[in-house]
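Heads up, the next two complexes both have subunit A, just with different partners, subunit B and then subunit C.
Here is the complex of A and B:
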């Protein structure tokens, strides 16, 4: 289990992303899974830093990542006021396609198996089953 | 910052062809790199060429902020009826473009020559 509190800083967030991806690779997750975990984690961290903590360096982002052999669970918590994820417009509808922002939550949901928020809306929990890089069952060649 | 095996260094290279610009985007367009991509696209859009081709064959990752940077470039180009065309995204990036439905905004080509031929 990786549990860390990082400053509200994109470089620190990227370093932590690298550490978590390194763990996933060591456990044996394949490229597709690591792409999905990386994308969802980056989106959660960007939201926490930009929208949650509003780039306030006095605030922290707390991350926990449990990289299991079959399943990964990641929680990202900021110190902001929280928000209602249901109120975020769907970025894939025609009228929103040209908006530069607003795709983070949709991508987390698209690339992870489970995404949920706490009541306050300042903590996202994501889970993904390992799909790639699994050892072949005995008897298969 | 040291680049690990996961974070391929973000690189860009610009070449000019007739009334078009080819921007090679390589490596990872991560949260720490997307601003540079946006600055470059805004700078290139200001040259008011007809087409900016983004060669993506060596780009292995892009986050939503990076996608937003390309959209900002697209909106800037539209001011002068210019276009941004995408070339050879790797399968994971192509899937990302399809998931976000950005394939409706951007045509994807197999080669730079194809992108410039239209």
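Here is the complex of A and C:
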């Protein structure tokens, strides 16, 4: 289990991402799984730093990653006010297709097997089974 | 003529500008902003630019990078130009498909095919 509280800082987030991905590789996760975990983790960390903590260096981002032989669970928690994920517009409806935002959460949901938020909306928990392959396109879930 | 700028390798042949993204990972905000600015500068140089973006080196991209591409695509279209993407790896192409951006962008398999499409 990796448990860390990092500053609101992209460099620290990148270092932690590499540590978690390194652990996943050591455990035997393949390229597709590592691609999915990296993408979801990057999106979660960027959301925590940008939207949650609003780049406030006084705030922390707390991450825990349990990388098991068959399943990985990652939790990312920021110190912001939280948000309602259900209120984020669907980026795949026609009128939003060319809007340059709103795809991070959709990609996290597509690449991980489970994505859930706490009630406040400042903590995301994601889980992925090992070797569960590439995600299916929108509308095929 | 070949011009090397940070993160981009730019070649212009037969009125088509081919930009190869040289970063393996296009993930963090700072890198994406730099790449976006450099691409915008290229688009601003010529109205109606025929532009190919080659992702041959890219193995990871974030949603922020997709957003940057959407903005770039709009700029190119507004200038009367055409943007074609190529050499996108299967996992990244999957991200385009999931977000339906494969319907927004012109995507071709290889660079030659993309350059021909951009020139047409």
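Methods note: the second predicted complex is superposed on the first by the 131 of 141 C-alpha atoms of A that agree within 3 Å, B and C clash if a C-alpha of one lies under 4 Å from a C-alpha of the other, contacts with A are read in each partner's own complex, and residues count from 1 in each chain.
Going forward, contacts are C-beta pairs under 8 Å (C-beta built on N, C-alpha and C of every residue); 3 or more make two chains touch, one makes a residue touch a chain.
Worth saying up front: this structure is predicted, and the values here are computed from it rather than measured.
Enquirer: Overlaying on subunit A: subunit B and subunit C, fit or clash?
Expert: clash
Enquirer: Subunit A residues in contact: does subunit B have more, or subunit C?
Expert: Larger number of subunit A residues touched: B.
Enquirer: Under the stated touch criterion, which partner chain does A:18 make contact with: subunit B (first), subunit C (second), both, or neither?
Expert: So A:18 only meets subunit B here.
Enquirer: Given the touch rule stated above, what does A:114 touch, subunit B (first), subunit C (second), both, or neither?
Expert: In the superposition, A:114 contacts neither subunit B nor subunit C.
Enquirer: Looking at the overlay, does A:92 come into contact with subunit B only (first), subunit C only (second), both, or neither?
Expert: Both partners.
Enquirer: Does any part of subunit A touch subunit B in one structure and subunit C in the other, and if so which residues?
Expert: 10, 14, 32, 35, 38-39, 42-43, 46, 91-92, 97-101, 103-104, 106-107, 110
Enquirer: Could you pull out which subunit B residues touch subunit A in their complex?
Expert: Per the touch definition, subunit B meets subunit A at residues 1, 4-7, 30-32, 61, 63-65, 67-69, 71-72, 74-75, 92, 96, 99-102, 104-105.
Enquirer: Taking the complex as given, what residues does subunit A use to touch subunit B?
Expert: 10-11, 13-15, 17-18, 21-22, 25, 31-32, 34-35, 38-39, 42-43, 45-46, 91-92, 94, 97-101, 103-104, 106-107, 110
Enquirer: Help me check something: in the complex, which residues belonging to subunit C touch subunit A?
Expert: Result: residues 27-30, 59-60, 62-64, 66-68, 70-71, 73-74, 90-91, 94-95, 97-101, 103-104 of subunit C touch subunit A.
Enquirer: Which residues of subunit A touch subunit C once you look at their complex with the stated criterion?
Expert: Against subunit C, the touching part of subunit A is residues 10, 14, 32, 35, 38-39, 42-43, 46, 50, 91-92, 97-101, 103-104, 106-107, 110, 134-135, 137-138.
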